[in-house]
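For clarity, chains are labelled A, B and C in written order, and residue numbers in each chain start from 1.
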Amino acid sequence: MSAALLLEQLLNGLQLGVMLFLMAAGLTLIFGVMGLINLAHGSLYMVGAFACAMIASATGSFWIGLAASLVAAAAAGAIVEVLVIRRLYQRDHLDQVLATFALILIFSEGTRWLFGSFPLYLDIPPLLQGAVPLPGGGQYQLYRLAVIGVGVVVAAGLYLLISRTRLGMRIRAGESDREMIAALGVDISTLYTVVFALGAALAGLAGALVGALQSVQVGMGEPVLILAFVVIVIGGIGSIKGALFGAVLVGVVDTMGRFLLPQALSLMLPASQANLVGAALASMLIYIVMALILAIRPSGLFSAQS
Amino acid sequence: MADPVLEIRDLRKSFGALKATDGVSLTLLPGEIHALIGPNGAGKSTLIHQISGALKPDGGTIRFLGQDIGGLGMAARARLGLARSFQTSSLAQEFSALRNVMLAVQAKQGSSLRFFRPVMRDKSLTEPAMAMLERVGLAARAQVPAAELSHGERRQLEIAIALALGPKAFLLDEPMAGMGPEGSKSLTRFLDDLRREAPILLVEHDMDAVFALADRISVLVYGRIIATGKVDEIRNDPEVRRAYLGDAA
Amino acid sequence: MTRETFANALLALLLLAVPIAASYMGEPFYVTLATRIAVLALAAVGLNIALGLGGLVSFGHAAFFGLGGYAAGVLATHAFNAEPLLFGIASTTSMPVIWLVAIVVCGLVALPIGAVSLRTAGVYFIMITLAFAQMIYYFAVSWPAYGGEDGLSIYVRNTFPGLNTAQPLPFFLICYVLLLLGLLLFRFLRDSRFGAALQAARQNATRLAAVGIPPFKIRLVAFAISAMVTGLAGALFADLNRFASPSMLSWHMSGELIVLIVLGGIGRQFGPVAGAMLFVLLEYVLGGITERWQFFLGLILLGVVLFARGGLIGLLAGRARHG
């Protein structure tokens, strides 16, 4: 095993982590401010990917497609918030789970209706095609590096938004005291719509970015959604910092586990068996990590409540 | 002097910079009503929470019937015989008054891992529970869901649940709160008799009730006990008058 | 007889009469449909113990449904290939043994999952149960010995002494009787001391602890029993389809089980039966009209959640009463 290969896997893990962060940040923000668990977040990821693929193929420009993904996901988020989600803030978690589960069915089947069951493909834009040399002699896809860069920029942007701007101040106030913020004269229902649309836009962005690496298809958001749940459970629900930490942890542990476990086991087992057991164990690894973290800290590492 | 039923020594609890419980020591003796008074925010409820096991203290010991109960959870302390009532009623809202009390009867009888016999047809549960409701004067309302009881009735129900546990000590957190003058009077008479069953640590704002009932009074101010003594001693303690009762009293 | 008892009896009779009539009219398809209803209802009866009585929103019960299914599939495969199981024990195609294995396995898996998950509450509990179910799902998919992504076929339906299980009607009757037993168990649990403690834990866990009953222990036992019933249903489901598929373990399945309960009426004894009837009929009727029936299922579900919380039993029999 070469150092270059290891570095490549580490970068892959980081890239997965960045994607998860984009998803988890929205989820955790929506939970922190509105107290809502949103299963349909993966659908907004899918909306972003489809919008990007469709517009990119119509215009020939990935960048216009990317912009469209943000707009489409934010719009879909805002519409859903106004029509459905705002009726759920005062309901218990079971109702939220059910209603957003229903939204998944509607979004998934609706998308299948519009686009058919075949996956769409999205090309990596020419500007970001090609690879960069890694220290140690390997090569790494430029596009994946750019995705990591986007994640860093978004994390920094979110930090600035929440700590420095008026909207961020309202979000923080909304997290700590919903009645106070209403008393301050902030239009709370607009604030909630904005926060929901912001989370949706982040999910849509993630979907569009990943769309160029994988295929764009119905159901693509669900595995990511569940990983994002693991992320925010590990990080502490409501904490953006926790989401960032959890996302990178899950991304790296998952990727490195799939890479290293079969190799580590091959020291003890015959190669075919090592691959098999290693792959099976690796697929469970992050859940085991989650269980261990929760056994020690039941409300996550950066819980806002504790 | 008899051994104390409950003995708290040097209990400490902070929330950030706020010392909610700052080295509290007190005892509850057999047969007595020991009243804990103090201004709002003095840390009375925090203290009750620590004794009952709802909050974990930062330091100090709590001994109950000679045993250190600091490491036990709320349910384990209740099983030892420490019954509490809540400042704001805490009931199983959908259950009738009777079923709320039956839960306590069932807990007292032992394991709840019994899966087959229907509780409503189990006279060993319904009869003692009904008797407790009769004792607190709530028998006529036995079938009403807790959520539909009046405020005063919910306070009575809390007492009935505590009684049903047949405890070795009561922790009553403002049992008179929100009761009318009639209710307070009859509850005062009730508690006066109750001390013969088990000693009571009574947190209460109603000073008439406290002076009528208490064998001893402890005054809690800013997380510290500034005085403990008989009713007259507390009435005449200059520090208490300054800190709490107000000099005009 | 209260309205609810009457509604329950009606549902039970209906579910029995239709497949018997269909069988005599030579329409085995409807027998299979009724079997599907009975099995899904049994799975939801299991979940209803945790969710309805205990208020534990487990979004991972597909794990137990699927484990039960795989128990049936794995035993059948070993028996079919005449391969012994671990330690040289011969496998079997006898349903009662398979059921027992499914129940025991699910109980043993539910205890550690419950022990970790029940340390948390609310949204955390929902997400953690979901995550554990996903873990088992990915394990099943990535472990090729028992079919991996392709699932595991059961070439000949497992056997039951004295009955020809390959015939639709006898197999339906087996499932129906087990459903009735499951419903009976639910009723016993609900009305027992354990049920009183469990329902109190849902309403007010602090109150339960204050009388000396530890909520954690009660919930853990409930979670395990709930998993065992759902696991039994999983074994039946695999035999019904002659196939143990990873989709039984998927989170959609977990969601559907919750949906069944809510459609029927949460915490109600026959809620899962009403819900499963409604669900399977919707699947069949809507599925006959349009390929996109899940779109409309989503709309209906949304409507029920937002506007009709009592479910079908609530509609038929009014609000729930506690003695």
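Details
To be clear about the criterion, a residue touches a chain if its C-beta (ideal position, glycine included) is under 8 Å from a C-beta of that chain, and two chains touch if they have at least 3 such contacts.
None of the values given here were measured: they were computed from a predicted structure.
The touch graph of these protein chains is an open line. Comparing the centres of all chains, each the average of its CA atoms, the largest separation from chain B belongs to A. Here the CA centre of chain A is 31 Å from the CA centre of chain C.
We define each chain's centre as the mean of its Cα atoms; on that basis chain A and chain B are separated by 49 Å. Between chain B and chain C, the centres computed from C-alpha atoms are 44 Å apart.
Within the complex formed with chain C, the residues of chain A that make contact are 31, 37, 84, 87, 93-95, 97-99, 101-106, 108-110, 112-113, 222, 226, 229-230, 232-233, 237, 276, 279-280, 283-284, 287-288, 290-291, 294-295, 298-300. Residues of chain C that touch chain A in their complex: 51, 57, 59, 116, 119-120, 122-124, 126-128, 130-132, 134-135, 138-139, 141-144, 251, 255, 258-259, 262, 266, 292, 294-295, 297-299, 301-302, 305-306, 309. Residues of chain B touching chain C in their complex: 52-54, 73-76, 78-79, 83-84, 86, 90-96, 99-100, 102-104, 106-108, 112-120, 122, 125, 145, 161, 165. Every residue of chain C that touches chain B in the complex is listed here, in rising order: 188-189, 191-197, 199-200, 203-204, 206-215, 218, 221, 322-323.
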